[in-house]
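Take a look at these structures.
Here chain A shows up in two complexes: once beside chain B, once beside chain C.
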Partner chain A sequence: MPLLEVCDLEAGYGPIRAVQGVSLDVIEGEIVAIIGANGAGKTTLLLAISGVVATRKGTVRFMGQSITGMPSHEIVRLGIGHAPEGRRIFPRLSVRENLELGAFCRTDRGAIVRDIEEICSLFPVLGQRMSQMGGTLSGGEQQMLALGRAMLSRPKLLLLDEPSLGLAPIVVSKIFEVIAGFTARGIAVVLVEQNARAALKLASRGWVLETGRVSLFANAETLASDPRVRDAYLGDA
Partner chain B sequence: MSNSGELSQRQQAWVLIKDHWDVSALLVLAIAPLGVPALGGALGGQFTTLFIYSILALGLNVMVGYTGLVHLGIAAFFGIGAYVTGILTVPMYPFQIGFLGAAIASIVVAAGIGLALGAPTLRLRGDYLAIVTLGFGEVVKVTLRNLEQITGGMKGLNPVPPPGAGVKLGGLDVGLSFAIDPRWFYYLSLGILAIVVIAMRRLENSRLGRAWMAVREDELAATAMGISATRVKLSAFAMSSAIAGLAGSLYAASLSTTADPNAYDFNRSIMVLCAVILGGLGSIPGTLLGVGILVGFDTVLAPWADSWIQQLDINPTGSSMLSFSGWRLAIFGVALVLVMRLRPEGLVPSRRVAAELHREEEHAAITKGF
Partner chain C sequence: MPALPPHLAMISLEFFLQQCLIGVTNGALIALVAMGYSMVYGIIGLINFAHGDLIMLGACLALSLVGASGLVDAGPTATWWGVVLLLLACGLFCGTLNMAVDRFIYKPLRNASKLAPLVSAIGVSFIFMNVGLFWLGPADRSFPELVPPTNLFSGDTLQFTYQDLLVVVVVVLLMVALSVLVRSTRLGRAMRAVSQDPTAAALVGVDVDRVIAATFFIGGALGGAASVIYSLYIKTIGFQMGFQNGLYAFTAAVLGGIGSIPGAVVGGLVIGLVRSLASAYVGERWTGAIVFAILIVILVFRPEGLLGRRTREKV
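Moving on to the complex of A and B:
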């Protein structure tokens, strides 16, 4: 049984149908990539899975349970973490408070403290800036904070929206390193990326979205060597 | 050497007072009536008003400061508290349940009405929510005025009996003491203010307080953390309204009348909002200082200066141009403009807002090698 099963999902805003019948599935501990151009519906797809944007048609099942139409704060409790596009850390709260808010739906105080320590050993720079305001961090540090914050809800599935956006190459490789490490922790990942090459390297399978529909679906290696993908998203000559 | 040692001692004392401003202020205010006989007269009543407005402003701060929701109608909830207390205590109604019960009822009713107003409107943001709260404030004022059979119209409801009316404590009539000596109300409102300040402090660092701030900072991200933005905003609405209701209840009791509905109009809401902004959004000491300056000017300083001018006899025609009270709105305006220009985070900002607004300056200082 797949961990996440999305079937014929439709979602959008007002008259706009951003996602028009997308189906995908994620197996436990697996990383899948969703690639596509701007406006292809990637972000909306993630928002619909985590319940922030209402689903118009289709179903979402998580661990065998239907979560279609469930309010987003309950979906987080079931084990779907979401690191939204653009990092979205809380700028006027300290790094520690940001992390603590990541564990908002948990009540096991002692374990939260240990988990925060673990995040700090994963991202030492966060440990050094615990009492600094989130908004004063650099872009890369903010992305680390966003990842750490998302991990603190102890998700079984993480939805990551453009984690490499606007970051220096050296930071990007650090971020991808951490994402690759999620598999070892038993966290499955849906990775939405503009950086298709890096995403397909990490992922086992991938979906290509075009104007709200799945245009291609294959193993990550197959996708990475597919001429259509190479032309459109990998920028190979 | 001894000089610098003395200086550092003085500095130490200053730091001690600054770190414990709350206890210091409470001590000063608690002892003041013993040393300042004027507090047994009209001045005591003016300070009571100041404390009540402080409670009101701390309530407003929950919504505007912590949760980042604009509220232009807080006076409506102040009025609801006052009128609920009036209805439950004045002799013209059969209830007459006394101050304590009436205060609790005021809190509950105000919170309930806050929830009822919040539930359908919390999807609105920024300007739109401001318009709704502004409109609600006017609706409440007009309703209070027109429901003459219940609210007494422009006359208001009176007399609201003082707390402890009819209660004898060791041969002392508590109600009578409240009625005669302003210091009783002074201490009652100071005590309630202290309790509200302590409660606010605890809230700031509670789960709920964090959730309020998370929603203020980024609603989408807060939702992604498992916070129900709707519930969190509703709770802020209810908390603000409840505290405003408590302040209103105390207000009616201290004046022994609900006063007329115009006491709860838009001006009142704006004055309290200005106090919160002037002092520093989301900051408890800032809010208290803001009230101290704006409301203090209005209720304590202006009347005092007016009577002084009268004594000088330089204004025989009674022209408002030559009275302090006549200029109060102009002075508010200038004060606000100056603060917004020179210190946009407020006089005593919460550390968060200061960090946000002065980041560029800090950055400039760092790059200059400062």
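Moving on to the complex of A and C:
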């Protein structure tokens, strides 16, 4: 049984149908990549899975249970973490408060403290900035905070929306290193990325979205060598 | 020291201090109301025009409860307990009413344009005023003097009575309680998160609608407490009292930096002081003009208000 099963999903805003009949599935502990141009519907797809954008048609099932139409805060509780596009950390809360909010739905205080310490050893710079306001962090630090915050709900599945966007190469490789480590923790990942090359290296399978529909779906290796993908998303001449 | 002749009395230090005391007491009351505006604005960006009238309804309930309970003839100890019960009852009433208004009127409009809830709030204000008209009748009603106007200072030079003390003590206690709640509780942290980014808050598991409802309850409950204190302090209530008091409190919230709770306190104190000093030294009929002239000047130079936020954030 797949961990996440999206079936014929349709979602959008007002008259805009950003996602039109997308199906995909994620198995436990697996990383899958979703690539596509700007406006292809990648972000909307993730937001619909998380219940932020209403699903108009189709179903989303998580661990065999339907989560279609469920409010976001309950979906988080079931085990889907989401590091949204643009990071969206809380700018006027301290780094510590941002992380504590990541564990908002948990009550195991001792374990939360240990998990925060672990995040700080993963991203030492966050440990140094615990009492600083989130909004004063650099872009890379904010992305680390967003990842740490999403991890603190102890998800079984993480939705990551453009975690490398606008970051320096050295930060990008650090972030991808951490994402690669999620498999060992038993966390499955849906990775939405502009940086298709790096995403397909991490992922086992990938989907290509074009104007709200799946145009290609294959193993990551197959996708990375597909001429259409190479032309459009990998920048090979 | 010989007494100053009447035309010079107003330049004496005692007179000035007395006006300051009056200003601080009035300002504390304004601040309590301003916090209700600021909290709701901070969390959903709505200027809750009905807040002043909500307080008027709280005062109606307070008057009815006092009348029904026969508290006027009770002994001093019973009276103090009666005041505490009044604060609780009116706090609960106004908090619940405010939460219900959000649930049935503002919540369905959450995704509409900002103007729709604003206009609805004006509508709720008028509905409340009409309810108040039915409840109290068209004429102003006097509120029984439950707290004795005994002066706490010896001598006649300075007046600070039990009634003033009640205002200051209740307001300070509620402010401290509110800042503890917002700073260091789970609900408070969720409130700050929702006010900064509701979607991100939902994505970490915060039930945004419940947090908004709680904010309306707390803001309303503070208004309920304000209604009791107002009634005991001013001792005249009427169905139109919500409008002017609401306007001053809203001004205080903007002056201090709307959305900021310490800002509401500072704004309330500034307006209270300016009002009492202006009416003592310039004349009662000029106070409104002076208060709002100062507001305009401050906002021209600090549009975000005295304690409003002006931090630069990296995007």
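Criterion: the second predicted complex is superposed on the first by the 237 of 237 C-alpha atoms of A that agree within 3 Å, B and C clash if a C-alpha of one lies under 4 Å from a C-alpha of the other, contacts with A are read in each partner's own complex, and residues count from 1 in each chain.
As a convention for this text, a residue touches a chain if its C-beta (ideal position, glycine included) is under 8 Å from a C-beta of that chain, and two chains touch if they have at least 3 such contacts.
Owing to the predicted nature of the structure, the values given are computational and were not obtained by experimental measurement.
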Using the superposition on chain A, decide if chain B and chain C clash or fit. clash
Name the contact category of A:R129: first (chain B only), second (chain C only), both, or neither. neither
Just chain B (first), just chain C (second), both, or neither: which does A:S138 touch? second
Kindly classify A:K42 by the partners it touches after superposition: chain B alone (first), chain C alone (second), both, or neither? neither
Tell me the contact category for A:K156 with respect to chain B and chain C: first, second, both or neither. neither
If we overlay the two complexes on their shared chain A, which of chain B and chain C does A:G102 touch? Say first, second, both or neither. both
Touch test for A:R205: chain B only (first), chain C only (second), both, or neither? neither
Interface residues of chain A shared by chain B and chain C, listed 50, 52, 71-73, 76-77, 82, 84, 88-93, 97, 100-102, 104-105, 133, 135-136, 149-150, 153
Could you pull out which chain B residues touch chain A in their complex? 207, 210-211, 213-214, 217-218, 220-228, 352-353, 355-356, 359
In the complex, chain C touches chain A at residues 186, 189-190, 192-193, 196-197, 199-208, 309, 311, 313-314
What residues of chain A sit close enough to touch chain B in their complex? 50, 52, 71-73, 76-77, 81-84, 88-93, 97, 100-102, 104-105, 133, 135-136, 149-150, 153
Can you list the chain A residues touching chain C in their complex? 50-52, 71-73, 76-77, 82, 84, 88-93, 97, 100-102, 104-105, 133, 135-139, 142, 149-150, 153
